[in-house]
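The following pair of complexes shares a single chain, subunit A, combined with subunit B in the former and subunit C in the latter.
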Partner chain A sequence: MTIFSPAWRKYPSIVLASARMRLINISRYPGQLVVDIVIPIVFAAMPILLGRATAGPSAGEVFKQNTGTDNYVAYMLIGSSAFTIVSYAFWHIANWLRWEQETGTLEALYLTPTHRIWVAAGTAVYSCLRGVLSSVVAYLLGSAILGVNPFQGDILIAFLFILVGLVPLYSMTLLFGAVILKVKEANSLINVMQWGVSFLMGVFFPIAFFPPVFRAAALLFPPTWMTNGVRASLLGVGYFFGEWYFDFAVLWVFLLVAPFFGYWLFSRVELNLRRNEGVGQF
Partner chain B sequence: MGSAARNYLNAFWAMARKELIVMARYPVNFVASFGQVFLIVAIFTLGGSTFFPRESATGTQVDAGFSSAAAGVAVYGFILFLFLSDTLWAIGYNVRNEQLQGTLEQLYLSPASKFASLVARVTNTLLWTGLVSIAGAALMAFMIGRLPFENPGLGLYLLVMSLSGTFGIGFAFAALTLRIKGTAETMANLLQFAFLVVCANFFPFSALPAVLRAVSRVIPLAYAVDAFRSTLMGYPPGFPELASIEVEIVVVTVFGLLMPLLGYWLYRLAEDQARHSGGLSTY
Partner chain C sequence: MRGSVRIENLAKQYLVRQRQGIFRSKKSSVEALKAVSLQVEPGEIFGLLGPNGAGKTTLIKILTTLLLPSSGDVWVNDYHVQRQENQVRATVGCMLMGERGLYWKLTARENLEYFGALYHLPPPERRRRAQQILTLLELDDIADRTVETYSSGQKMKLAFGKALVNDAPLLVLDEPTNTLDVPSASELRAIVRDLNAAGKTVIYTTHIMSEAETLCDRVAIIDHGELLALGTVAELKASLQREQVTRVEGVVPNQALTAVQGLPAVRTATRTAQDGGDLLTIVTANQRDYLPEIINALTGSGAVIRKISPEEVTLEDVFITKTGRTLAEDTRLR
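Right, the complex of A and B next:
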């Protein structure tokens, strides 16, 4: 069976079953869901409080000179919410693979007639739902607590940037999943990866702060375009190419290229591991 | 030295060595934890620098205006946060790992000292987090140009007392872990972030709303953070923020001396209950 089998109708049900199973599982840990919402708010509060305390009444003015908006609260909250979406994508996909490997079910999963890409897609759907919902609630709640209006700018365009950005993001997690299968130290790699990603996408600062080499690397990275797209549409900090549709087009290029590249690389690593008895080993 | 003390030291050394060997066998983890701290420092430095005028909007000089006081507040607070975070995970969550691996009950059936077992985990934290902290502070100093470093003697004393108190918190968390089992991971996350806010590790206490500042005033660790960074910054105007330095030194000293005893007492209490109820190996 291939993923392009004509019996395509069963694939959505596999995806939904996989996502539902994970949603049922997380619903049993309500404390974790609270942490999901609290973390981005606390995370954004760090630079906000440091800035308020040290820059004093001119904090907004100086911030505007550096970033293009004086609404530093919303700027930081958007950054930490995007961070949540991105880091959850890496955690959920990589941890899923590693968990299946550790519990000894990965090999079995490979031997079932269901192609694993649909099970992975279900995990990605669950991860998207959890990440996006947590981020939106954290953004709204954080805005209420820190006293800013969350409903400003062009909300629809901001959502479009998030939705389109999710596809290349989850394609990148396949690349990372391949690394996890190979190296097998999921936790430490995910920890570094989530901070590396946050750094590159400019979680609390514009990427114009980077030296040229880092800036170029950041621009090759889909979450950078997603985060800046959301900030530009809500806060008017400016798109990289001046207009939203140009930046959006770049994100679409990532959307079209990244899934194939991610799947191709993942398949290669996976095939290599299967041939060398590596799928069931950990 | 009596034979009991020698036995204790031998057990402690064997356990500390075992922890170090385990750590050395995971070089990816080793390098990753180092890289992670560098990235966190860089992110917060760049985030903080958005509030300071820059020499050039496109220049490579990261934060020309990032004041040394702001840097001192964030760097020294970050160092204590690293120790707290590592202690919660290294002591508290490690007990949970032993439980999951099925080795906790065996450990308690051996004649080896339980206290040595807990303290051995701390040794790794001291060594590794110490190195990471120094490297992180050096990186931040490199990025911002200058980090204030005054009163190193008193600073060291406050650090030792703060760490001693922090390890006590770790013991108490290990006790909690034995009781709450699977929820320990979520609880460690929550505690970590709660301390991050009320102990104001990355910002001055003056930035906190009055209600949260009132909470900070009843948490000894908040005094440890305030005293430690104020001392190393040379008491700039407005620092320390929670009380006079004399009062803070007394609070930190009492915290450093009593918290490990209290934490260990709580741990033994939880352990006794777990043994009597047969809960040591269940999860």
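Right, the complex of A and C next:
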């Protein structure tokens, strides 16, 4: 006779098991963990060195006139680290679905009584851990290498922006994952979305430089608010609505709306697929 | 609880996209199942036979909630597949897609424990169950190696083990002996028999007729989405019992086939490909009386007979008679 977990314990247990499984999986690719830390530093170093080459010793001053801070090194490192989190969210959730389709394990998941949303939540926990840890380590290491103080401004508020921003970000990727279940060219689509969102969130520049339409589009994406919140709290570049709690409130609106919309769209696509050839077909 | 399945007027259509050049495509509807009704009784081993593309995978996917039916009703273990899908999933152990469906970078133990979590087993129970399955399938020695290092047969065994994780009353096994060597296949069939003896109901698909004949209590033959025959192996054989089967190996041109089919004594004559030649399966009322007539019709129409053998009726003969082809043929190509 098999013993089953009581209802209240089974969901956290599945989330943990799903996150643990993916952590075990990545532990078998140790080289990837090194790449996770090196890439954000290299990614930030390119515009930093370009800035030094083109603006020379006055780079900080010019940068301050346009952004509100002369610490362009930290500015770029924060953008690059936020990009890492966004990029991982896209690849780990949207591409996770395609990867499970390809290996045949997606159908195996659908054969169990666990709702996919809990497995996705576990994958998101794993992705958050990996993304946030890599970003923080890359930021600290990058700051040491490029000679800036990483511990400045209000670190606690910066972390709050990251934590609250993660939920709508992952909800957005779930929404995007629903599209991946349907389209053939998953990789191209993930790449386009990843770079598109990173561009719009102002990975290396303030979104004030965008034309009005692009600026409006950028403000529809949670990562834009998350990145600016971190920069404003650490470097004092200024919040979109003047005070941190107004910007924080906007992130909360995303947090409350995005998961439902993501879940709704995902469920609709899933139902549609099961009415036709099933979730295993791609 | 003892596993059972009740299917009433089940139909399934789905849309497929056919490419027309580089940018254009056309959608067309495929009728995968047509008004299938059958019942799997508690405690039996139920064989599902059909060539590739016959509709048996679609049927299995509906039973296991992977697909939604277009019409009709299905109850698995007394739960409705659409209205109570979680209960269905919790009470069915599935082995579909063979060695796919496993995480190759995890070990066998990690795979089993992970799926245990998805079936809501508490951690100590997951570990106990995983160990029990590893011991049952004699995978103990390789339990802590990543699956990617396994042979194809070992992966199949583990995929079978995954179906046992939730200790379900109903097992759905889709060609579980594929890629297994002869002793391993025989060992796995013995385990299936033991599990059945312990009370589990089994739905078993195979393309190996002898396997279905020796293992299954009842068999359903399905082709082009239709249920063509249903009964015990003995009943199905008995349906041809008053008839006799003669096999002719050689070269059988169309006119020879037509000539044989035109003989009044011949019920059915079906030609299939075999070893670069033809295999003609002829069902007649009485072999001895009509054999000379058959030989005359064949040789008179240009057939080359290499071997002619009157034989006992087998499940393969039933299958060929009902479907007009062997199990090896792919319906999707037609």
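To be clear about the criterion, the second predicted complex is superposed on the first by the 275 of 282 C-alpha atoms of A that agree within 3 Å, B and C clash if a C-alpha of one lies under 4 Å from a C-alpha of the other, contacts with A are read in each partner's own complex, and residues count from 1 in each chain.
Everything below uses one rule, namely that a contact is a pair of C-beta atoms (placed from the backbone, for glycine too) under 8 Å apart; a residue touches a chain by one contact, two chains touch by 3 or more.
Keep in mind that this is a model prediction, so the values were computed, not measured.
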Mind checking the superposed model to see whether subunit B and subunit C fit together on subunit A or clash? fit
Just to be sure I read the superposition right, which of the two partners does A:A59 touch: subunit B = first, subunit C = second, or both, or neither? first
In this superposed model, does subunit C or subunit B come into contact with more residues of subunit A? B
In the superposed arrangement, does A:V192 touch subunit B (first), subunit C (second), both or neither? first
Touched partner set for A:L109, first subunit B, second subunit C, both or neither: second
Is A:R28 in contact with subunit B, with subunit C, with both, or with neither (first, second, both, neither)? second
In the overlay, answer first, second, both or neither for which of subunit B and subunit C A:N149 touches. neither
Looking at the overlay, does A:S267 come into contact with subunit B only (first), subunit C only (second), both, or neither? neither
Touching A:G51, do we find subunit B (first), subunit C (second), both, or neither? first
Please give the nearest C-alpha separation between subunit B and subunit C in the three-chain superposition, to the whole Å. 7
Taking the complex as given, what residues does subunit C use to touch subunit A? 14-16, 61, 64-68, 70, 86-87, 89-90, 92, 94, 96-97, 100-106, 110, 113-115, 117-123, 125, 129, 146, 162, 166-167
Interface residues, subunit A side, partner subunit B - complex: 29, 31-32, 34-35, 38-39, 42, 45-47, 49-55, 59, 62-63, 65-67, 72, 76, 183, 185, 187-189, 191-192, 195-196, 198-199, 203-206, 208-209, 211
Touch list for subunit B against partner subunit A, complex: 26, 28-29, 32-33, 35-36, 39-40, 42-44, 46-54, 57-58, 60, 62, 67, 69-70, 73-74, 183, 186-187, 189-190, 193, 196-197, 200, 202-204, 206-208
Contact residues on subunit A for subunit C in the complex? 1-5, 9-10, 13-14, 17-18, 21, 24-25, 28, 103-105, 107-114, 119, 271, 274-280
